[in-house]
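Just so it is clear, A, B, C, D, E and F label the chains in written order, and each chain counts residues from 1 on its own.
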Amino acid sequence: MAKIVTFGEAMIRLAPPHFQRLEQARSLDVEVGGAELNTSVALARLGHQVSWVSRLPDNPLGQVILNRSREAGVDTTQVQLVNDGRCGLYFLEFGAAPRSSSIMYDRQESSFARVNRDDFHWLNILNGASWFHVSGITPALSNGAEAATALALQTARMLNIPTSIDLNYRSKLWTPQDAGRVMSELLTFCDTLFATENDALQLFDIRGNSFAEVAGELIERFGLKQVVGVKRETPLVWRNRFGAVGYADGSYQETPWYDVEIVDRLGAGDALAAGVIHGLLQGNFTQGLEFGAALGALKHSIPGDLPYINMADIEAVLSGHGLRIQR
Amino acid sequence: MAKIVTFGEAMIRLAPPHFQRLEQARSLDVEVGGAELNTSVALARLGHQVSWVSRLPDNPLGQVILNRSREAGVDTTQVQLVNDGRCGLYFLEFGAAPRSSSIMYDRQESSFARVNRDDFHWLNILNGASWFHVSGITPALSNGAEAATALALQTARMLNIPTSIDLNYRSKLWTPQDAGRVMSELLTFCDTLFATENDALQLFDIRGNSFAEVAGELIERFGLKQVVGVKRETPLVWRNRFGAVGYADGSYQETPWYDVEIVDRLGAGDALAAGVIHGLLQGNFTQGLEFGAALGALKHSIPGDLPYINMADIEAVLSGHGLRIQR
Amino acid sequence: MAKIVTFGEAMIRLAPPHFQRLEQARSLDVEVGGAELNTSVALARLGHQVSWVSRLPDNPLGQVILNRSREAGVDTTQVQLVNDGRCGLYFLEFGAAPRSSSIMYDRQESSFARVNRDDFHWLNILNGASWFHVSGITPALSNGAEAATALALQTARMLNIPTSIDLNYRSKLWTPQDAGRVMSELLTFCDTLFATENDALQLFDIRGNSFAEVAGELIERFGLKQVVGVKRETPLVWRNRFGAVGYADGSYQETPWYDVEIVDRLGAGDALAAGVIHGLLQGNFTQGLEFGAALGALKHSIPGDLPYINMADIEAVLSGHGLRIQR
Amino acid sequence: MAKIVTFGEAMIRLAPPHFQRLEQARSLDVEVGGAELNTSVALARLGHQVSWVSRLPDNPLGQVILNRSREAGVDTTQVQLVNDGRCGLYFLEFGAAPRSSSIMYDRQESSFARVNRDDFHWLNILNGASWFHVSGITPALSNGAEAATALALQTARMLNIPTSIDLNYRSKLWTPQDAGRVMSELLTFCDTLFATENDALQLFDIRGNSFAEVAGELIERFGLKQVVGVKRETPLVWRNRFGAVGYADGSYQETPWYDVEIVDRLGAGDALAAGVIHGLLQGNFTQGLEFGAALGALKHSIPGDLPYINMADIEAVLSGHGLRIQR
Amino acid sequence: MAKIVTFGEAMIRLAPPHFQRLEQARSLDVEVGGAELNTSVALARLGHQVSWVSRLPDNPLGQVILNRSREAGVDTTQVQLVNDGRCGLYFLEFGAAPRSSSIMYDRQESSFARVNRDDFHWLNILNGASWFHVSGITPALSNGAEAATALALQTARMLNIPTSIDLNYRSKLWTPQDAGRVMSELLTFCDTLFATENDALQLFDIRGNSFAEVAGELIERFGLKQVVGVKRETPLVWRNRFGAVGYADGSYQETPWYDVEIVDRLGAGDALAAGVIHGLLQGNFTQGLEFGAALGALKHSIPGDLPYINMADIEAVLSGHGLRIQR
Amino acid sequence: MAKIVTFGEAMIRLAPPHFQRLEQARSLDVEVGGAELNTSVALARLGHQVSWVSRLPDNPLGQVILNRSREAGVDTTQVQLVNDGRCGLYFLEFGAAPRSSSIMYDRQESSFARVNRDDFHWLNILNGASWFHVSGITPALSNGAEAATALALQTARMLNIPTSIDLNYRSKLWTPQDAGRVMSELLTFCDTLFATENDALQLFDIRGNSFAEVAGELIERFGLKQVVGVKRETPLVWRNRFGAVGYADGSYQETPWYDVEIVDRLGAGDALAAGVIHGLLQGNFTQGLEFGAALGALKHSIPGDLPYINMADIEAVLSGHGLRIQR
């Protein structure tokens, strides 16, 4: 399998059990998550050697994230434990219709956000890698994070390593203007983009009548190879419909819809990205979309952000095995 | 915001977790609830100063109810801690289709039921109040409770304070005949009535082809200003449809239906009442129904009887924000 | 009520809470289950005197199974506690669409599997009994278990005690060939068979256009009195549709479908069997199917394998009481 | 082994976890307990056939007590499930020095307290029994309970069945005067008495310089065979010293002290009684004290009131096996 | 009872259950605590009207602190909910010998620390108060907090309101030099000081052969009325010895030692302060020390920082009631 | 730091919470443990690169062990996931005086026990290693395991890699005769032995008046370099005294005693071994004993078998920091 490098922050996630409001909480369940880490875990479980590059405080909270990444099979040798900044946290409330789930971030002054442009030696880190992946959250965290992201992408391009970016625009981190300006630069070093039509509109003022149209425009403007999106319907909080859409080589394709019963909605998009990367590493974009849709759909059934999913699970979904109990 | 007074019993609620039968229980979750207390909490969270008038045993169980009422923002200075009677309890089993949820009461000889007609000094308590609310459960608990309720309502009327009664007929507490007789008297002091068509039939032998017809008859018979009801469909235990209906000034109105995923069905009607009262205090019955429907629908998503709901939650529902995760 | 005898293994069931994968588990919920034990519990709760015949290791795990059987009202005086073999275990993962629930067995070398043909004195045990029930899992466990099952069935036939077999083919325990050969012999001592069309096809190469056709063929081939099956639709993991089908005296009948919200799907078929046996003991096959469908549907709502169901629950379902909360 | 009959109430016990005050409780652990039931369980686990005679409400709470008694191996065929009265409850707070543990009862109007003198057919129930045991709590519960207790003791005496009474004076249930009067009568039908020096003083105005002196006086006054007491030191809440003392045939004896680490102090005295009865049934009072002290000491280590203790545990304690982990 | 005002920060406390390291945590128990809030709760439960003055973020975490303060009976009308800064957190690991318990703070940039000198209108707040209490943690949090503390103390002195300061030096917040300089100024407005000999040495370079000597020097230097200290022995983590020492009017006194079994050691000093203040408000320093020692000792037995202690608990301790279970 | 190789089985540990007997269990806490794995984790946390060599079933239970080893920082690349055999389990009951803790194994037919002599390529595995460690449990598991252990030790000796063996005699796995015979052979390839006087007596018939005498005899007979033992006093279950003793170069030494409050006694000896190895790798046996005693003592305070201990914890213990809370 391939060596894959990802770059981004992970946080401790704290959520009250059983649909409690935070106000009611007497205990909080502890999970860890972060866009690139989530993707890394999915890829590691498919057999790849995945090096997640990050920065964590050298304290028990940072250690929790390090430990769980290792538990999930991710290579953490490029994670720096530093005495600079705190551990990012986020608080999650699980909802039920008509109350949606919601997230409150407490990530200011994190060790990751305090990264400097040159804290990582990308030439060494990317040496021998077959893929580099990052999300749009990473450069949003600070100027240093933006600079480090740019350096990583440039180095990857220089080494002819395929790259992917999950646009993942977060309005609480930066304005559409700032995001548009920064991501426009970064996308010039990108091969595969994960994006929604809405983000394309907000960040790049690209509008179209369809995902295909928007994706085509993105590919043209930034010199991408393919664009991948999520399709999702949310009639309820505990039940959605989910699938993947993609555009490459001038043609649009989409997977079937999956009915998903939602145990934990977080990380579905990150799992989807892992499936697409896995497919592309095998040279098969169509299969990548299928893997991605299956991984993303399955992620909804698993507590926490990390996708504890095996290839056997994916195959069961793709083969239409049905939903009877497996004995 | 307004000063609001409510009067009624609250109980400790004990429920086994995760859909267990009581027979299977090894632990019981502890909540507190009571029709008027639930309504009080919803109103307090909307910014009103709500004085819940009640009677509790001066022991740790009574203290639990007192503490949690205070936690939820309710003024408990008119709650009497007495060495007379026990703390009412109720046991709840959460169901799943085709097994409905069910409640077993253990509330005999409670401190509240032992109340005497003159235990509360209503002239003082209601001084400066803008609203008085009570449910039909309160007078059902004992002769003393009935007398105290009557005195409260009469005093409110005397002071020109608007009053509301939630009919809330409970067949385990009294017969339709007794309930009909007592409530007929009390309703002559009532402005806003919360009632179902079925209760109107059982208690007052009022029948009609529609909520409007029944409500019109209730208004006429008892000199009410408006009647409010709940509309609910129960295709499953974990998923209902819910909304509010109202009749005032000769015209019927209803809110849209809400699909609700049910974490905890208890207290939905009490939350609805709070929304209506909130609207009426602003002179807007239509908005009251909307607030009430949103509050009632949201309550299904929150564990416990007490409605941990904010105005922001209501606005999100009323503005049709959708059910995607809020980041 | 009647004396009923059943024969089979029970295991400790270990399942992570809240839809976790086993890999994520930090604690496992402990339940006990076994096809015949589950059926025994349902029958005991309907008022029958049910003697479950089994074999358990004389250690705390065996004791857990013994204790809980007793708790549920089953007569365990014919359960042998032995110093031979271990306690069977099974691990359960609860799923959510598109991930189905799944079971991993760890039951090798169990005390029950080490049973010998003559370990039980069936003449004594069956003395005075009105029914004998066993599943196809029991003979699959070992040669000794097969021989003991045959002896039990032969003795019951000799004593003119009605017998039932739940075919329950488990591909992890034996091949269709072995199962077909053994069950063909055992079925000659059977009156009431619980079976699916698919099992009939795999084990006996019986195929037909309908349950009725297959059941008719089974009755003819093995000299049965009636055949009962389950009908189930699985559009989702948390919600199924469920009912009973039956064939006797040349005619087919089926119950209505029940929408079931699934707390715990295990043991539904075993509960259904209990309902049918209860009906047949009263000489009413149609009512047996109705009882069975109600019991099976209700079982989905109860955590664990053991059906904590009362006749009042069944009556509520059969009378179409609806799904509102019962106060 | 012997057939033993006991008579008394059992209650549901509700206790907050981890040393919380009741005021802090968000969940309560559910156990069942009652002096005679606790003793019954200990005796059943030593191999006796123990029939616990009681009265419970026919609702899920009564069923919990019935189920768990059965689980623990007690014969419950003489427990009446009635539609009369409620289920007794008690609330327990676990303490830590300098805060002692404390109990709040909520047992008024229980089904047991509503027993009538003739509700049980003692001639049948005691037929073939080798022992009858009751505590002083039972007659304290109501006049009916007192009358039924008297009838039971008289019947036992008439049938020459040895009897034991655990004095167990509870000041919350009756005055020393009432207790003294009633117990004085009942003790004339008693062979073995469990009592403390303090209770002897309060109830019977018997005072002495030693347990032996007091016991001698009790034996003389009431015509007893032997008197057994507990010795206990309570330097801390989590650690006590515990043992048994006895007086019979004019001579005093005592067991060694046991250091006990306290998981759950409830039921220690009841377990001690079981050990003494077990010894006396084998004709060996000295051994009875030893068994009793070991059972009582072991009970402190086990959560809940019911003594999940085996003969192997007792033997380990009596043989001085030490406190190293047993592999 | 008296009106008492306190001023300080409170934080959310997150602690893994059952002696886990933070690294092992899968869930965290949620408590709230803060030196002055803890003291306020103890005083409120003794019947005083206690206004805790503070500043919290207007988000669910701030709301948790507000709610629980209210639940515990504290007046929170002077707590400002602001959109400025985050909610302070602290993480607690419970230890066992030879591993001590430990705390990791995550309180930077809290709403409280961002307080400005003039955010509170002390003349209004202190109007009618009988006592003002603050700890040395409050001025350590920021320059604004220091200024606000000074203003509060000056206003109290101006209004002739007795004041107390708990020195509570925290080396993670400031240097001994800074603390010494600031506290020297603040202590000139203080009547009652809670301090340890070690803090006196570090901050003020005061050394003596005994608590009395050091206290005398503190009184002289800062014009105090009395100085109170804690005496504590820590032979183990789960068991300490605890008591109070005091110096006033030239004479030293101390309470007896209490053996404490430690459920939760946090807040013991704050509870002690409350007892002393309670005694001083009644004009009895000696009794204040006794109350303080009892409250502090009892606090060790209660989970969380907030002292859920009643006067009855204190009286039981002071009267030497012993450690037997209270029925 | 050094590369260290260990070889042995790990099991899933299942234990009921809060001192429950297994019979009472409704849930079981899941930990993983194994003598060599435990030692590996302690060494990895001290900074060494530790390769744990083992064999696990390729199923979710095996995966749990693999994941948690990785989480704890152990290199698992030499762990074989096989479709042969089951996952070893053990069930643990936590005791309280006078009931000792106890373990029930369910490890027959484990994947590890089915190992063959040549399943591991020791030349490769040990290449570059500075230490090899194994316990006497490993060869006890099967003939294959014995052969593989011998091969590993021989290879280490051949490569001049220092070796250690923890004798760890388990009477449930083999007889003293078998153990004595096998271990006598293996010890000829051993440098550092961990052993108790009692094991030396049982296995090798070596008796002496002191640890030193026995150790000297062991060194002489098997050509060892040093022998290390545990000293432990068990006055209670929750509190022991613990330390290390050692003999090398003809001289005996011991560490001070540590009072330990016992959260989880498992793995203390394995942690001690890690400390000794760490010291010996630095060429300092005395320091190794000190590290070992501190690690072993600290392990008692940490839930689970795996020693979540840092060098900072060890240093705190060795420096006598006391047991006050660390802020």
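Methods note: contacts are C-beta pairs under 8 Å (C-beta built on N, C-alpha and C of every residue); 3 or more make two chains touch, one makes a residue touch a chain.
Quantities reported herein were computed from a predicted structural model and do not represent experimental measurements.
J.: Under the touch criterion given at the top, what is the topological distance in steps from chain C to chain F?
T.: Contact-graph shortest path, chain C to chain F, evaluates to 1.
J.: Let me have the rounded angstrom distance from the C-alpha centre of chain B over to the C-alpha centre of chain D, please.
T.: 45
J.: Return the distance between the CA-based centres of chain C and chain D, expressed in whole Å.
T.: Chain centres of chain C and chain D, defined by C-alpha means, are spaced 40 Å apart.
J.: Touching at least two other chains at once: which residues of chain C meet that condition?
T.: Residues 17, 21, 23, 26, 67 of chain C touch two or more partner chains.
J.: Looking only at which chains touch which, which shape fits best: line, ring, star, complete or other?
T.: The chain contacts form none of line, ring, star or complete graph.
J.: So, with touch as defined above, which chain pairs make the list?
T.: Contacting pairs: A-B, A-C, A-E, A-F, B-C, B-D, B-E, C-D, C-F, D-E, D-F, E-F.
J.: Spell out the residues on chain E that touch chain B in their complex, using ranges where they run on.
T.: 67-68, 70-73
J.: Note which residues of chain C are touching chain F in the complex, please.
T.: 14, 17, 21-23, 25-30, 59-61, 63-64, 67, 86-87, 89, 91, 93, 104, 106, 108-109
J.: Could you list, by residue number, the parts of chain C that touch chain A in their complex?
T.: Chain C reaches chain A through residues 18-21, 23-24, 95-103, 105, 170, 172, 232, 234-238, 265-266.
J.: For chain C, which residues count as touching chain B in their complex?
T.: 17, 239, 258-263, 294, 297-298, 300-304, 308, 313, 316-317, 321-327
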